[in-house]
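By letter and in written order, the chains are A, B, C and D; residue numbering begins at 1 in each of them.
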Amino acid sequence: MDKVMTMAEAVSRFVPDGATVALGTALEPLIPFAAGHELIRQGRRDLELVGPISDALFDQLIGAGCVRRITAAWVGNVSEGLGHCYRRAAEKGVPRSIEIYDHTNFSISLALWAAAWNVPSLPARTLLGSDIVGTNPNIAVADGLAHIKAVRPDVAVVHVQRADAMGRAHAWGPLGITEEAGLAAERVVITCEELVEAGVILSDPNRILFPETKVVAVVHQPGGAHPSPVQGYFKRDHEFFRDYAAESRTAEGFGAWLRRWVQDVPDRTEYMKRIDAATLRVKGKQLSAPANFADE
Amino acid sequence: MVAIASREIRDGDLVFVGMRLPILAYAVARNNHAPNARGLFEVGLMRDQPASNFLGTMGDPPNVVGALWATRMSNTMALMAQGLVDLGFIGGAEVDRFGNLNTSYVGSPAAPEVKLPGSGGGADIAILSKRWVTLMNHERRRLVDRVSFITSPGHGDGSAGWRKRNGLLGGGPAAIVTTLCVFRFPDGGGEAYLDSIHPGHTFDEVRANTGWALDAAEDVKQTVAPNPSELAVIRRLQNTDGATTAV
Amino acid sequence: MDKVMTMAEAVSRFVPDGATVALGTALEPLIPFAAGHELIRQGRRDLELVGPISDALFDQLIGAGCVRRITAAWVGNVSEGLGHCYRRAAEKGVPRSIEIYDHTNFSISLALWAAAWNVPSLPARTLLGSDIVGTNPNIAVADGLAHIKAVRPDVAVVHVQRADAMGRAHAWGPLGITEEAGLAAERVVITCEELVEAGVILSDPNRILFPETKVVAVVHQPGGAHPSPVQGYFKRDHEFFRDYAAESRTAEGFGAWLRRWVQDVPDRTEYMKRIDAATLRVKGKQLSAPANFADE
Amino acid sequence: MVAIASREIRDGDLVFVGMRLPILAYAVARNNHAPNARGLFEVGLMRDQPASNFLGTMGDPPNVVGALWATRMSNTMALMAQGLVDLGFIGGAEVDRFGNLNTSYVGSPAAPEVKLPGSGGGADIAILSKRWVTLMNHERRRLVDRVSFITSPGHGDGSAGWRKRNGLLGGGPAAIVTTLCVFRFPDGGGEAYLDSIHPGHTFDEVRANTGWALDAAEDVKQTVAPNPSELAVIRRLQNTDGATTAV
C-alpha cells in the first residue's frame, strides 16, 4: 500500500490532540523538526512527548503550547544548555503548565521495550538512589531494582535517510531508542531525505528499522531534520541552535522566532529556502561496503 | 580542567564520554597517556579515536566516521550495567560535598525556581559506571553543601557504604574537577576532600567559592599543570571548537 | 589488538570443560559447525549448551559426550525431525545423561537480554499454561507473567560473513538471538567466511554485531557453518542433514558418522575437501544498496 | 492438508508461518485468496510473498531475498506479544481433544520414553497469536485424549475460559487439520468437534484413528476439495520441495 502523503496530511491524520508522541528517538541526529513544526502550525494541543534527550524540538513544542506532559530524560538545547521554554512552562506555567515524568536515557528505552514486549514493566539497575524515582509515578523501586512501567506511544515520528512508498525505512548512524520506539508505538510516521524504489530498501532488509505493518505514513521531506544532522546528508547547524537559544530566552523572543521559522512558513520547502542548505549539505561520499544477499 | 580530567582516563579504559569538555578530555588522553582508551557514547557509538572534525554533540556525523560500533543506546547501557565501563564523565549544575549531582530541579519539583534539563544519561552513569568524574565551574552556587534534588547519586548521605546499601552497582564519584581545584573521595564513599589546587589559585579562593566548610589542610597538593603535549591537543581542538570556550 | 588465531587455539583457550556456550544463535543459518567439531576433537566435557533451536549441532555434541546440560528451546534436525543422539541421552543416558532446561524461542532470548542488562530475570507473556514452567527451575510464573532468569554464557561462538582482525564482525540475514547472546556472554569467539581489512567493516558500523571489547578470538574459517547456510556464501546442504539423520539413528551409526566427519578429519580445510563445496557455494551477487556515512 | 490449511489464512493476515507445510500453505493462500497476507518467521524475517526457491528451513537464503525485514527473533516475538499476529501454525507430535500440543516428552520428563525436540517457538505462538492451527498426520498415537505434557497450550483442561483465567493472550487453537479431517473448537475454548471429513474418507475411519471418543454427528460436512489453482501452487512447489512429500 502506498503510504506517501504530505506532512500536513500525515500530521493531521495520525497525530491528534492529546496523543502520546515519540520524537527525536535517535538523540542528537535525525530529529524530525519538520514534523514538529507542522504540529505547531496545526495548533495541536495536549500532547505527551516521549523521547530520550530532545535537542530543542521539545522546547519549541512546549513554548508553542502544544504539550500537556513530558516523558523524557532530558529537555534542553544540547550544545547550548537550558531549554528556556521548558523553564518558563515548568517554573511559571507559561504558556501553560506541563506535567513532567522524568526518566534517564536507559529507563526511557526500557519503558519502550516493556511496551514492545507488552509487559507492564521491566526491571533495571539504574535509578537506584536517584530522586527521580520519587517524582515519576511510573517508576518504582522494589527488591533492589527499579521497575519501569511500559510507555506506549500512540505514534512515533521518525526521520530517516531513505524509505520507500510502503514505509520501509533505512536509517544509519547511531539510533538511540529509535527501534524500540517504533516497535512500541501503535503507528509510525516516517519522514525521509530520499523516497526510493522498493528495490533499494529490500536490497538490505537488515537495515530496515521497523516492520512495514507499523508504518502508516511516509513523508518525503529533504532537510526535515534541520538543524539536527543526518549522516551522509546534512551537517548539524550549530549556529541555528545557538541563535535559537539566544532568541528564546524571553517569551517575546521565542514568539518572534516561532513566527519567523514556523508560523509564517507555509511548509518545509519554503523553510529550506531560508537556510543555507548548500553549506550544510554533505558533499562527500563514504559508502558502506556492500553485503551480498544472493541465495544461489 | 580538560587536561586534569584527561588524567583520570587510564590506558585501556572504556570511557563513557558524554558531551563537550569530556570529549576533549578523551582526545587529550587518547593522544597522550592512554592510546588504547575507547570511548562509548550513549547515542549509540563506540570509538577508539577522537573524531577528526568538530563535534557540537556526541551524535554529530564526524563521531560516526570510523566508529567501531553504531548501535542502540540500550546496548551501550548494557555494557555499563555489566560493570564494563571503567570511567564515566557527568556534567552537572550542582554538586554537593558527597558528590551527588542535581541536574533536575532547583527548589521543589512541584514548583521549581529553576527547571534544569534533567538526567539524560547522567544518573545511569552515576549508578552503573565503575567510577566517574564531574567537571564544574567553581562557583559557590554550584558547589553546595547538599543538593536539594539528587538526579545522579554520588555517595548519598555520606554514610559509609551508602551506595552498597542502596544497591548501586558502580563505585561512585572519584573526583570533582573544577576550574580551581580537584576534590577526591575516600574509598567506600563519604565526603569530598580537597586534593589539589590548580597553579595560580589559593586555598582561600577555593574556600570562598565552595558551599561547604573546608578545613585548611596542610597536605593539599598543587595540581600538576598541563604539559605541552596535553596543551597542544587542547589548542588544536579548541581552534575548531566553539563550545569549549563557552564552558 | 590482533585476535586472529586457529580454531584449535580459539577453542582450547576460550571454551574450557564445564563452560556455558552459546551456539547456533541465528537459528538455521550461520551455525558454527566447525567450532563444534573442534570441541568434539578436543574432547571437551561437561558443557552447558545455550541456544534457540540448534540444527543438528547440539545433537552431535550430545552424541559425542561433550554435554552436561541443554538450555534451549528445541534440539533436533530441522528439516528431518528428531535428534537421535538427544533422544539416546535423554531416554537412555547414552553416552551420558544430560540435564535439560527447556525454553521457548522467546524465553531463551529474554534470558539473554536479562544477562545483557544485568538483571536477575525479565518478565514475559509467553510460557503461561505450558508445562515447561514446571520442568525448568529458571522459569517461574507470578502475577500473571512468566519470569525468566538471566542466562549468561561464558562464551558465545558466532559464525559471520566477514570480520576484521580486531574482531569487528558483519553478519546479515536473519539474526535470531545473536545480538543478545553476544552482549550477554563474557566473551565472543568469531568464526568468519572472510577476514577483511578494518576499513571494510568500519565503513558500516551499523552492521557490526558486537562491541569489539567482547570479542576474544577471530578464526578465518570459510565454510565453517556447513551444512547450514550462509547468506551470500553457501546454500544449505539439505542432503547432508538428511544423511546425518539416517546415520545417527543408532549409536553405532552415529559413531561411524562422527569418525568420518569429525574425528578422522584434522581440520576444516580437510573437511571442505570432502564436501561438494563448488555446488553449495553461492555464485550470484545481490548487493545491498550503499549507505553514505560521509560527514562533510 | 496444505490447501485446507491455506484457507485458514485470511487476506491481510500477518501469519506466523513456521516450517514445512505451513510454508506451502502460506504460498497457496498468497497466490490465491490472500494476496495481501504477510508471513512472519521467528528466525527474524517478514515477507509479503513466498520465497522463489526451495526452503529446507525458514532460515534458508531464498527466504531472505526480497524480505521486508531481517531482524532479531525477539522483534518478531514483540509483534506477536502485542497481539498483532493474526494466525500461527504449529506442528506437533501429539495433540489432545482440548488442542494442547506436546512436543517435549512422551512419558515422564524425568525418564521419558521419547524425548521430543521441544517447543521451539511453538509455545510462544500457542500463547500469543490471535488464533492458530496445527497440522497433523491423522494417527491414533498422535490424536490422544490428553497429552501427558503440555508444551503449547490449547484450551488446557477444556473448562470454559481456561485461557483467560491463566492469562494467555491469544485466542488459542482454531482448528486441527489432519490427513483425514478438520476439527474445530467452540468459541471460548473447550473440546474439539469434528467439522468436516476430507473427500474419500469416512467417519468410521476418523473415529478408528482418533484417541478420544467421537460421537457420530449428523452435521459433519465434507471438506471442500482443493481447487485447481490451489493444486497448481502445491504441485509447482512440491516439484522443488522434497520435504513436503515426506509429511
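Heads up, the rule we're going with is that a contact is a pair of C-beta atoms (placed from the backbone, for glycine too) under 8 Å apart; a residue touches a chain by one contact, two chains touch by 3 or more.
Treat the numbers as computed from the prediction; the structure is a model and nothing was measured.
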For subunit B and subunit C, chains touching each: A
Contact-richer chain pair (by C-beta pairs counted) among A-B and A-D: A-B
Separation of mean Cα positions, subunit C and subunit A [Å, integer]: 37
Between subunit A and subunit B, centroid-to-centroid distance (C-alpha), Å: 27
Whole-Å separation of chain centres (CA-atom averages), subunit B against subunit D: 57
Approximate Å spacing (C-alpha centroids) for the pair subunit A, subunit D: 40
Residue list for subunit D, restricted to those that touch at least two other chains: 45, 60-61, 64-65, 70-71, 74, 77, 81, 169
Junction residues of subunit C, two or more chains touched: 110, 117-119, 124-125, 145, 172-173, 175, 179, 206, 231-232, 235, 282, 286, 293-296
Chain contact graph, described as a line, ring, star, complete graph or other shape: other
Chain pairs in mutual contact under the definition given at the outset: A-B, A-C, A-D, B-C, C-D
Residue ranges of subunit C in contact with subunit B within the complex: 116-119, 168, 179, 183, 202, 205-206, 208, 210-213, 293-296
Residues of subunit D that touch subunit C when the two form their complex: 19, 41-45, 56-61, 64-65, 70-74, 77, 81, 104, 109, 111-124, 126-128, 149-153, 156, 162-163, 166-169, 242-243
Subunit D residues within the subunit A interface of the complex: 14, 38, 45-46, 53, 60-62, 64-71, 74-75, 77-79, 81-84, 169
Of all residues in subunit C, those that touch subunit A in their complex: 110, 117-125, 145, 161, 170, 172-173, 175, 196, 200-201, 203-204, 206-207, 231-233, 235, 282-296
Interfacial residue positions of subunit C with respect to subunit D in the complex: 26-29, 52-53, 55, 72-76, 78-79, 81-83, 86-87, 90-91, 100, 102-107, 109-110, 113, 124-132, 135, 144-145, 172-180, 229, 231-232, 235-236, 238, 241, 282, 286
